[in-house]
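Reviewing the structure listed below.
By written order: A, B, C and D. Residues from 1 in each chain.
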Amino acid sequence: MSFARMLLRAAAEIPEGGVVFVGFHWPMLVARVARRVYGRRFLEVYENGVVVDRLSEEVPTSPCDFRFMDSAVAALGSMEALYLVLGRGRCDLAILDAPIVDRHGNVDSTCVGPYRHPRVRLAGSGGAAELGAFGRTLLVTSNREARSYPAQVPFVTTPGLVVGGAAREELGYPSGTGPVGLVTPLGMLRPDAGRRELLLVERFAGVSPDEVAATFGWPAVGRWDDVAVWPEPDAEALALVDDELARARSNFYRLPEEVVG
Amino acid sequence: MSFARMLLRAAAEIPEGGVVFVGFHWPMLVARVARRVYGRRFLEVYENGVVVDRLSEEVPTSPCDFRFMDSAVAALGSMEALYLVLGRGRCDLAILDAPIVDRHGNVDSTCVGPYRHPRVRLAGSGGAAELGAFGRTLLVTSNREARSYPAQVPFVTTPGLVVGGAAREELGYPSGTGPVGLVTPLGMLRPDAGRRELLLVERFAGVSPDEVAATFGWPAVGRWDDVAVWPEPDAEALALVDDELARARSNFYRLPEEVVG
Amino acid sequence: MRHGMRFLSLPEMVSRYVHSGATLYIGGFAFDDPLAVAHEIVRQGIRDLTVIKSSGGIVVDLLIGAGAIRRLLVSHLWNSVGPTPAHAFRRAVERGQPPIELEELSYGAFTCGLLAGGMGLPFMPTTPLMGTGTFGERTFLPDKLATVRSPFDPASEVVVVKAIAPPLGIFHVARVDREGTAQILGPVAETRLAMAACQRVLLIAEEVVDTAAIRSRPECTVAFGAQVEAVAVVPFGAFPTDCHGYYRRDLAYHLEYAQATASPEGFEAYVAREVRGVADHGEFLARLGAERLAGLATRQERWWSVA
Amino acid sequence: MRHGMRFLSLPEMVSRYVHSGATLYIGGFAFDDPLAVAHEIVRQGIRDLTVIKSSGGIVVDLLIGAGAIRRLLVSHLWNSVGPTPAHAFRRAVERGQPPIELEELSYGAFTCGLLAGGMGLPFMPTTPLMGTGTFGERTFLPDKLATVRSPFDPASEVVVVKAIAPPLGIFHVARVDREGTAQILGPVAETRLAMAACQRVLLIAEEVVDTAAIRSRPECTVAFGAQVEAVAVVPFGAFPTDCHGYYRRDLAYHLEYAQATASPEGFEAYVAREVRGVADHGEFLARLGAERLAGLATRQERWWSVA
């Protein structure tokens, strides 16, 4: 249920008629949920040069899984996608999977533990640095564990609001870019007014202050009473998400344990 | 006749199996003559992204005259042609029309007279600077007048062997690039051993020392006896060139006065 | 769609977006040259434009002669059939009739400048141009080119071109679908880079096709609706240059233009007759005659097959 | 042809061109990933390679586990179905079994490095990466990234990436003609840039087609014979990833690979069985079975129509 809410909440951020740069993994499901549940129309741009404007029958396992090429309006290259579209500021939103994320919205998709002697080695950047450097970035994660939310990530794969002590604007990142939200199984975090760190602004029903305190490695709540509660999705929305997850599972998606059927 | 010899002499420079970057105007006719008279097989690359490997029925008036697209094996863009092919050093030869050329092989295709107050304004660079910067460049010209061969061009559109007093290598041009020949109605000039200026190394039959001295604005001959005589083309070759020129004329090519029929 | 792409007539498009004093990128590189747009700009009496175009051609020559251009950035300008002189350009540069400010880049540097602008980067290394007139002569873009020392080789100075990022561009394309997905069939020259570089993009297209045709050739897509402000459907909008898949260049027209515009008086008469003397591009085409246009057609079904 | 492109078998190609200690770019970006090449490299016992690849995938994971790689430059490495861990990569980086030297660039910076290398330019501005681990951590490419002050804005420091210009690259493409004109159908990721960047290019292709098919889609051409050293025709050479126009990825095989290679012993058994246990890619495919391969086929006639 929390995974479904996470997908739904993230999908609700996709602007009608917008151009959305979609990262690997959950962002691809988020885009599908936005079409199926909210009926949103938008353009999906992928780092390999694929541009898609409609739902494909099957859930692609990655942007390089060309079972969704029939829904494509453009087949370009990575320079076109990452720079001529994203770098040029044509995207309304970039959606990025965030395995480990810190208080400043820096994302680590490279390693757990020190870079040269990692406890766990992850996939690495791919275009994740570009999504965070050039995009208004919506971070999404299915993780519930505190280790996924340290105060400071060991390795900044994707730059957040403050990188190595300096505000991102000072480091040459274009203005108007950076994380605009972090969707977690607990709720939505947003940059605070000073845009320096992520605070929980919306929680899902049933999420408690203790759970939040135990999860985030920084004080992620100002006043608990100011945290909005996101309305529970209706049965129809959940049924559509369930169907989407069944399709994903049939294409070998590894889903969070709560939904593994 | 001198125009036909010029086309034939230039065409003979095209290497069998080579990759040739072909500039606008006479170079396009040179490439056709190389196929028709010498049976050469080679790839023609054009700055707009067209890559051609065979003769088209009609003579295209420019690389952007797509009546020759049926002979194309690739339809790319200018970045691909000018940089990914030419800039990367993939071309065996670049053939460039040279309206005005000086002793160092600098070409002016921009203006006669001072740049800001030209007596005659020409078309300007287009890709001519790139052909000279990145290519082993064969310059071709149909001009016979001394004004086309000053000691120093008023405006360097295409860099030669020495540019503004400095050797091209010192100015950052890649090694192995630069003019390798200048084909004129009088004969072929080549860089001298020190590669600093163009000297007549081959003349067409009937060309006299006086004619050479009156044409080139620098001492373009060492010892007259060292200047080879290019064998006169046979009737078959001339007939093919005539046919080619007839096709060009029917597509509105403005040919030198000697051949205007 | 949120981004509000809309279909307009060409006169509406020009009057809404192209104002006197504006900076305008014009697409095409001796193919897809939108003469229809130049005619409409002249008909509407727009002046003092800063025009950026890779290859000048008749489009820019006409705009110069009609007094629509104050500043011009090009890589070359000629009438490529013949070739014959671009007379209005020559009169402007040689005699100041009318005066224009001219800035030039080699086509490679021009392309790299668009690449930087299109990528959202401030500059780009480009062709070594040291010692050339193009590097040395600067007019209204005094910082068009510069050198930087390579951080990887302190002995090496590298020529760089400043990003070109025009506020507005107008491009001729082959076809669009209802959503504004636009395609060019065949070579693209600098089109993709230029479309990315322009902050706002206007399109004129030969026709609106079913989205299935677009999806059968997704590698030909050069823009999608969300990148585009407005589209005008203008058949033969690139006449007399080629629009690959639709028609080829009208060679004779290039010569007729050169002959007609060889003198200032001839130019004025030409504009009065061919531009101001017609209501719109449709009337211009009608005067040329259906037979002449049909003779240029090259439409091949393979571009429309969706099998 | 003067440039001497020739057709070879895959084993011949690998033995002639890919030597222990060489630096090798491997094409593909989770599509057109040439697993057939990785298998052949392992079968021939080639070691100590410096491998450059945008997206690691099974191809690189296998080469790491088999001890073929000493140094690796990638932008990411995973098994994208699932996704599941790339176990050999993890063992190498987490436990040094076997040890590799790893250097990383973001995919954008990697692309810009290839763009510079492909254009013949020494470096390229790229994604601002200041403060990231990718900018800060350097191993065997200590000057992979740097900053330069913009000559157009002295207040601005710009991140630049050094040109990537590998001496040798091997790429899977969809089809070639007899002259070696090569095409990829569909999206190309960084392929065009990488092919230009590599000094020498080797291709493996699904099939040889008539030149008429090539000429009907000239916008899909990614290389021509004169750029290419040698071509090997290897059907299903990109299995288990997609080759657009021919087949789609085998999802189950990705999982089977992950499960089989989860332990070092499993990895050894997998290589003994699937790689060293077969003579060539044909035998590997035969073991998979014609039915399984037929189930992946996506061939659409539109790519072959020359109407």
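In this section, a contact is a pair of C-beta atoms (placed from the backbone, for glycine too) under 8 Å apart; a residue touches a chain by one contact, two chains touch by 3 or more.
Since this is a predicted model, take the numbers as computed values, not measurements.
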Between chain B and chain D, which partner chains are common?
-> C
Using mean C-alpha positions as chain centres, tell me how far chain B is from chain C in Å, no decimals.
-> 28
Between chain C and chain D, tell me the centre distance in angstrom, where each centre is the average of that chain's C-alpha atoms.
-> 38
Distance between the centres, which are taken as Cα means, of chain C and chain A, whole angstrom = 40
Overlap residues in chain A, where contacts from two or more other chains coincide | 69, 72, 75-76, 79, 83, 87, 134, 174
For chain D, write out the residues touching at least two other chains, lowest number first.
-> 121, 156, 158, 186-188, 192-193, 218-219
Complete list of chain pairs which touch one another | A-C, A-D, B-C, B-D, C-D
Residues of chain D that touch chain B when the two form their complex = 1-3, 118-121, 179, 181, 192-193, 196-197, 211, 214-215, 218-219, 221, 224, 226-227
Can you check the complex and tell me which residues of chain C touch chain D?
-> 116, 121-126, 143, 146-153, 156, 158, 160, 162, 185-187, 216, 218-220, 301-302, 305-307
Interfacial residue positions of chain A with respect to chain D in the complex = 24-25, 47-50, 61-67, 69, 72, 75-79, 82-83, 87, 108-110, 115-116, 118-121, 123-130, 133-134, 155-159, 163-164, 166, 168, 171-174, 251-254
For the chain A and chain C complex, residues of the former touching the latter | 15-19, 41, 43, 51, 53, 69-70, 72-76, 79-80, 83-85, 87-90, 92, 134, 174
For chain D, which residues are in contact with chain A within the complex?
-> 29-31, 54-55, 74-78, 80-84, 86, 89-90, 93-94, 104-109, 111-112, 115, 127-134, 137, 156-159, 186-193, 241-242, 244, 248-249, 251-252, 254-255, 298
